[in-house]
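Consider the two complexes below, in which subunit A is the common component and subunit B and subunit C are the respective partners.
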Partner chain A sequence: MADMKIGAYVCQGCGLGERLDTKALTLVAQKEGKAHVVREHEFLCNGQGVAMIQKDIDEGVNRVVIGACSRRAKAEAFSFENVAVARVNLREQVIWSQPATEEARELTQEMAADYMRMGCAEAKKVQAPIPNPEHGTNRRVLVVGGGITGMTAALEAARAGYDVLLVEKTGALGGFMAKLHKRIPYREPFADPQATGVEALAAAVAQESRITVFLNSTTTRTSGAPGRFSVDITTESGQTQTENVGAIVMASGFTPYDAAKLPEFGYGKSQNVVDQAGLEALARAAAAKGEPMRRPSDGKDIKSVVFVQCAGQRDATGTHLKYCSGHCCNTSMKQAMYFKEQNPDIDTAIIYTDLRTPGNGEDFYRSAQRKGVIFTKGKVASVDVNSSGAATVHFHDLILDDKAATMKDVDLVVLATGQVPNSGVNIDIPAGAEDVDVAKAAEQSVSVLNLTYRQGPDVPQLRYGFTDSHFICFPYETRRTGIYTAGPVRRPMDIAQAVEDATGAALKAIQAVENAGLGRAAHPRSGDLSYPTFRREGCTQCKRCTVECPFGAIDEDEQRYPQFNESRCRRCGTCMGACPVRVISFENYSVDSVGSQIKAVDVPDEFSEKPRILLLACENDAYPALDMAGVSGHTSSAFIRTIPVRCLGSVNMIWITDALNSGYDGVMMMGCRHGDEYQCHFVKGSELASYRMSKIDDTLKNLNLEKDRVRLLEVAIADIKRVPELINDYAAKIQEIGMSPFKGF
Partner chain B sequence: MADVVATHETIVVVGGGISGMTAAVEAAETGKNVILLERTPSLGGRVNQLYKYFPKLCHPTCGMEINLRRLRANKRIKVLTLAEVSKVEGRAGDYKISVTLHPRYVNDHCTACGACGAAVSAEIPNPFNYGMSRMKAAYLPSLMAYPQRYVIDPSILGTPDAEKAKEACKYGAVDLDMKAEELTLSAGAVVWATGWRPYDAGKIQPYGYDRFDNVITSVEFERLSDPRGPTGGRIVRPSDGKEAKNVAFIQCAGSRDRNHLKHCSRICCMASLKQTTYMRERFGDEAQSTVYYIDIRAIDRFEDFYQKVQADSTVRFVKSKVANITEDEVTGDVILHGVDTEGYHRYDNRHDLCVLAVGMEPSVDVRTIADVAVDASGFIEMGATDGGLFGAGCATNALDVNRSVQSATASVLRAVQVVNRVAKAEG
Partner chain C sequence: MGDINTAMTEQYRNDFLKEVEANVEEGQWVKMCMQCGVCSGSCPLGPAWEHPPQEIFMMIRAGRRDEVLKSESMWMCTSCYNCIVRCPRELPITHIMHGLANYAHRLGLAPKMNPTRRFAKMFWKNLTKSGRVNEIQLSVGLYFMDGFKTGVARAWAMKDIGLGMLKTGRLNPLGFVNHKGCKDKNGIHKMLKKAREIEDRRKGFAA
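Take a look at the complex of A and B:
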């Protein structure tokens, strides 16, 4: 590597020139920061300013320190190829966070000088990253599951020019859709059930030369990473072949909720009580024979059908499914229409609490009303079937507020049970879980992917077994890079949504393949070329990195050292924060790069009345909030020194102890909300930070320091007013407990 | 705009809201060249104007921050703001898109230092707050604005204010002679993500939105609740500034109604449920929220959120399509009249404020611009033709954010298929 040559630049625009002594700042960079080239410029982000920097780079500068605005501003102007750039935020978080008064001038200048020192220190310790060497270049996509979701994903990926392996457990493509008589309409006029088209779709899959179909097969072993997955595909008879793929779409579908768990509705007691799947089977069988549907128990004509919505769903007691499966209202209307088509005189009643037909489902609802389907707002309590096969439905009529309402002489009762995802093993249930039933269920479930990952064989689940992402803005972000789930395994959905979902997941799979080929990170640090490396000789094999990685990226090699699988990594740095011996680092982010910034700050002596408070701020939420506080003119303590971190999960305890040992009076950390409604985009980062910091008290005790010397806070990006208040509160607290006794050591 | 390079392998994304931004970054991260066109001066669209998202009650700006970082870091994306599409002609693999670039009167020298805003005295209604507050006529559209660049409102051109703005700028960024530009872009595929607009509540005459100060829309209530909003997050009545502790939420205001929007707008139930949490956040046990509904459509795991709100003693649900609203002229209170269909009780309920959960309609009539199949509500039908223009997000259906992003991601694949075909044919 060429010799390090730092160029430090200080902008005088946006009031920086008036509020700060920029000449003095360049001298700080030169003398203390050891910058080889220092320059001021009245308008650094314009063409001339940028050209000036580029010229220095062309002449050998390979580390650039830019003292100007936030790294969130003018990012395009200040992006230089092949050099490490440290942005020193003199605008939003120095001059705009401080009052523009003569009295404030000294402290503002001190703040700016420290940030220049920190910028130079960072520049010395970081390098422009080069892509990771392990990148795999396999471009094939594996799709697991041959239902509507899997077939769609396979076809759509193939149409984009990618080869696809489609693995289906059963002997035929089609999945649940092949069991349907007709589907809910998905085109104008949204009035009548439509043909499923499943045969044509299966034929299109079979004809597509880019798709290889494996029937009666499962994925029995999956290892590797995006761009280089290795998958064992095993047939029912036990023959296994190993294939390489670049990315995976998991479309393992759903199983209808077991209606046998609803004996109060007569299921299992009488053939005349069926679930929605049972009704589809009746309709298909009848259609195949060209005959009308008849009463299952005795083959008599059907004159009256009742549909029980939310059967075993939306159950707040927790006995059955707690959620709504979304499609069932439309499905019951569709099924009621089967009967109306057969004979308009058949009575069809749908008993519901909330009829849920969003979007153009409303047209279908109106169509059902036109066809004479009866809708009754009520809650079904029980269903009795007498010896002659006639059912009585007992329900609470919510319109008439009649708790003892009944519908009698019903020939067929259809239970709208929900969707249970086929998500495989719940890897988040710890061995020896206290809830025996849950633990047993987890043991019994059969893995879908059989991942060899250290953290478990399947994709982590979010809630109720669904493998959905927790992020509203990023529905496809599972915690396993390069593996995307789609269809009802991800969240309850109907066919139309599953088709769209499959198409989106196929795009993500293709994208994962492309990124892996270039050694780039996936969301949320998309395009980041850095990756974690570790110093093998220092590693104690404690396994914390492998356990704590939110994305299950790290396995163990044969000698039980961590194996990073860089293409699975999301670059959050949680492993770096976890490592007790500090051997993990990134080229552009390391224990040293942040530690050096902490140490670069000039800590005045005990009698100066100028405390120093370190603030480690999550770069996604807290740091932008601090920027926007500055833009909005909210001022805060001049004693704060902020370092953005990729995630609080990347915070290594040594930074805290180093800061306290070198005389900082307090350390604040600002991260995202954790717990059930977590907002941490690295899922576990802020939670882990909070767990680690819960142990800080011992450290503080050992140092003989007050508990309040360290404070961890949950902050949201919208806390624009609150963030400066939190800083000022803490500064007041430090004032109260007094200066640290560790100054000057 | 000579630096805009567009070929038959380019994907043009129309609309810079959550769907369009998603489409742009997803396509670019798949290695495609993208031009993202936004009609207003900055990206973000309607989600940026929301206080919180359901069901997590997190802030839209959080995801916006990540998307903006992805976008800034990706050299394959070219963003054009104040860019209005007037015509899309051609076919898959070979589109010509006519675009008008409206003048911002501020060039890319702008550093967002704010000097022009400070110099100008004229004020205009702030569209970010649906006109409920005013702002300087030289403005940054929002704190999260991208591009982070000021805008001079054309209304001050030719006035001394415009000159003041120009003089205040040290960087030569204010250019009062800027003219509209016409350009024609080539594209292989188009992702149409022009989003939605709230249904015009004034058309629902019995509810008196156009007559009563204290009948507002759900999008206005969102701004009212937001600490970044016109009242700093104080939930107060427009008529007298009094705190609105007793609020009625009327569902299906314009939706599920053949006289207005015949479709169900899907998001409004969850939006109102979410807004009842704003009431609790602001007023605690003193809050009184009443939701007038036909069906509560809290689909899939949103059911959890519904159950949580149902457990809140300050929230009451009335199954009823409100017949009409009258105003108590003395107090400004609104009185809702109707029949509670659970038990058929007539009511005349008094509230401080009434929030109409207005429906979603497509913001642009795409039929006037491009040859594309739409449904009876004007939403783009997917897969109905074999063209290369694909709808994304609320241009295709009334969708929540999560579903919009899903839809946008799917549309990107369709667009990628087209440009990959072109690339193959062009060798």
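Take a look at the complex of A and C:
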């Protein structure tokens, strides 16, 4: 750019002035970095220092290089409107990561000088981003599912002042909760089952003027992006109407695990074996008649009831559900109390392996014990029902280690089967076939949202059919921006948790429409205005970006070029890392902006004994860990040159080959954990990076380089002590294999 | 005592639990056990118990009446109160153990030769006779519980302690014959008789 004018500033505060020759650093910026204005300041982040920079900006500086603390510190002080700012981390990752000795002075100064060069190089290649032009401003929220989760989300959003469309598949609101006799208590003293209150809630939804309810309807087509979704709502009779919404809450709930798959427990063989839903139906029917519950097979009085926990759940054999559904222990206690209410002399036994009582369930558990519900730690093997309708439960008593324990003359057996999420089509090719739930296969053919996204019609799933959500940091987020799943479709849960989940999802939906309206990114780069663009003439239509985008943001246009749908984008740059022809870039982050930093480093010759190691560190976890290592006084090798990246997924292979070609002795990458227990903020970024890097061996072979020249590491934000150790280990390794032969070319 | 002794209990029915709740001191707490096993792990004599408290509680719920009442286990309790202190459900485990032992004894189901039981009986007799414990009679009785020969051996083994106590005036050998009971011996006997009557009536023991 012709009118580019760089201002480079070096701070002398926080010990920088004592440890570094700041004058020399400004000269580096001036001579090598081609900065037009260079200044030192004794306390750059104070009002005076900031005013000094602002004055230069007013006089024409449009790229600012700040040699001071980490970009994670003083972000507000150093934010200047419409000006691209490059932060040079001289404090945490130079002077604090190096020993404060006279001997270390030379290497520390070299490190600082390199970082100044890198900062100036970056400043030349970046621009202050402007909001994306494709953003939509629709502020309505669509809620799919009219159960407790959906109704709560709708009410929360409406009461916050947002119009809501509520789509329910059946003819009435209420969902699974409407099928319950009573619910697990959610108020002090957590002692007795409470009324569900579902009618009142449904009435509140019906009365709320901001909510439009569509009964007997499904979402048959969903396209667009946050702020400009277009949704076809089709009724049972086939009438379709198209509505525009800004964000979507998917609360499609769960289906109870099919107890017919548990013939060993007598289900289907006798009416006296029911699942938890079946018992609720019995209790409701009896309550409607004002009568006590009776034995379903012959209407006799019930004297003994046995609850079988984990029926078809937590199954290690792979036949049934592998997971715990969380609510069932509390639910069985609640149901046992139905009988204790009816007649305290009815024997109620709950056979469990591990009693799990989330929420205030511990009080509820005590209350059940007080009422005389008997808890037996054991594993049920089988249930036989004789011709007169009396059941015998065979189980392994785990406390008394009696493998042949039995409960005889049981009138009713209740199976605690689990929750199967209604998450629609599994769009990912399952990685491990054993994780695919057999039970889900049939239901999976029906999509919930019918998205027109190139990657598939529903939100991606993590495990067992539950939708993917970053449950450490961003539990409500899915991998589809602006679409939030809540309730048991996200993870197994009870009513109280679903209400909380729904509230969270409603707030996230509101955040999404607001962000989308301003053209800003949603989490984790919340507020980021940059967005990916591509050089059309360079694109080979290989489709890697559309396939690899963890958020399904990229579709194809009519001419088969990528179409970015900026509002769906989370700005991780995975597409940029994927692109083999390097045509994808952001205004403030590109292949060139990082590449030129790599090239800006001064690489000493082979005989200097000063290797150069490039470290590409994920800015979410690894880079903060490096900063905090410095803060904590953990020193590490002075030969490292760190560049923060948005995600390891954005690392383009060209950076690695460029670095090795220009004489770096090694390249390290630090990203988040991937796999099922992933911690990657962009879900798939670190996984993709590790996949791509698994192919680097060929490249290294072609260059005739050792395998250890490139190392990919998983680190977490808390690895403050480990990170410098990893650096030092790698520096020692490089020392061992020797200097790169590519220096000086 | 006959009827209650032959009461039929079905496995894993609440009959025995209800019996324990009605008749055993602090028995109403048994249902509150959550089977964490902290009591069993805390008991200093734990490894010596055939059925640690956690298991006893489960056996009660499982209706294993005979096994529980004939067990030596609860007689092992030394009242150190570790389990009570540690029980997250605040069950008075020590008291329940003593309550069970007492109940088993009253039913005549407790193991006859259990040393704790025998000593307890001896202590009770000694105490209630005069309303005050005669220590020397009690210790001699304890030594000679299993016959003359073992009695002599036990007394011999304790002789140094005995002599020491004698020297410091802690042991009065004359007490063996010259025991001072409490003033109103008959009053105490009456009181105990009445208490026994009330207990028997409440717990359904035949008089």
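What we mean here is this: the second predicted complex is superposed on the first by the 725 of 745 C-alpha atoms of A that agree within 3 Å, B and C clash if a C-alpha of one lies under 4 Å from a C-alpha of the other, contacts with A are read in each partner's own complex, and residues count from 1 in each chain.
Everything below uses one rule, namely that a contact is a pair of C-beta atoms (placed from the backbone, for glycine too) under 8 Å apart; a residue touches a chain by one contact, two chains touch by 3 or more.
Since the structure is predicted, the reported quantities are computational estimates derived from the model, not experimental observations.
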{"item": "A:Leu355 touches, of subunit B and subunit C: first, second, both or neither?", "value": "both"}
{"item": "Which superposed partner A:Pro475 touches (first subunit B, second subunit C, both, neither)", "value": "first"}
{"item": "Contacts of A:Ile374 with subunit B and subunit C, given as first, second, both or neither", "value": "second"}
{"item": "Subunit C versus subunit B, contacts on subunit A by residue", "value": "B"}
{"item": "First, second, both or neither for A:Gly527, with subunit B first and subunit C second", "value": "first"}
{"item": "Touching partner for A:Tyr323 - first (subunit B), second (subunit C), both, neither", "value": "first"}
{"item": "Which superposed partner A:Ala506 touches (first subunit B, second subunit C, both, neither)", "value": "first"}
{"item": "Partner chain(s) touched by A:Arg314 [first = subunit B, second = subunit C, both, neither]", "value": "first"}
{"item": "Touched partner set for A:Leu400, first subunit B, second subunit C, both or neither", "value": "both"}
{"item": "Which superposed partner A:Lys408 touches (first subunit B, second subunit C, both, neither)", "value": "second"}
{"item": "Interface residues of subunit A shared between complexes with subunit B and subunit C", "value": "355, 366, 377, 399-400"}
{"item": "Contact set on subunit A toward subunit C in their complex", "value": "304, 347, 349, 355, 365-366, 369-370, 372, 374-377, 397, 399-400, 402, 405-409"}
{"item": "List of subunit A residues in touch with subunit B within their complex", "value": "13-15, 43, 45-46, 69, 72-76, 156-157, 159-161, 187-189, 314, 316, 322-326, 354-363, 366, 377, 398-401, 463-464, 466, 468, 470-476, 491-493, 497, 500-501, 503-504, 506-508, 510-511, 514-515, 523-524, 526-527, 620-621, 624, 628, 631-632, 672-673, 677, 679, 681, 716-718, 720-721"}
{"item": "Touch list for subunit B against partner subunit A, complex", "value": "18, 22, 25-26, 29-31, 51, 53, 56-67, 69-70, 72-74, 109, 111-114, 143-144, 148, 170-171, 227-228, 256, 262-266, 295-304, 307, 319, 341-344, 375-377, 381-382, 384, 397-398, 401-403, 405-407, 409-410, 412-414, 416-417, 420-421, 424"}
{"item": "Touch list for subunit C against partner subunit A, complex", "value": "10-14, 17, 31-32, 34-35, 54-55, 58-59, 61-62, 64, 89"}
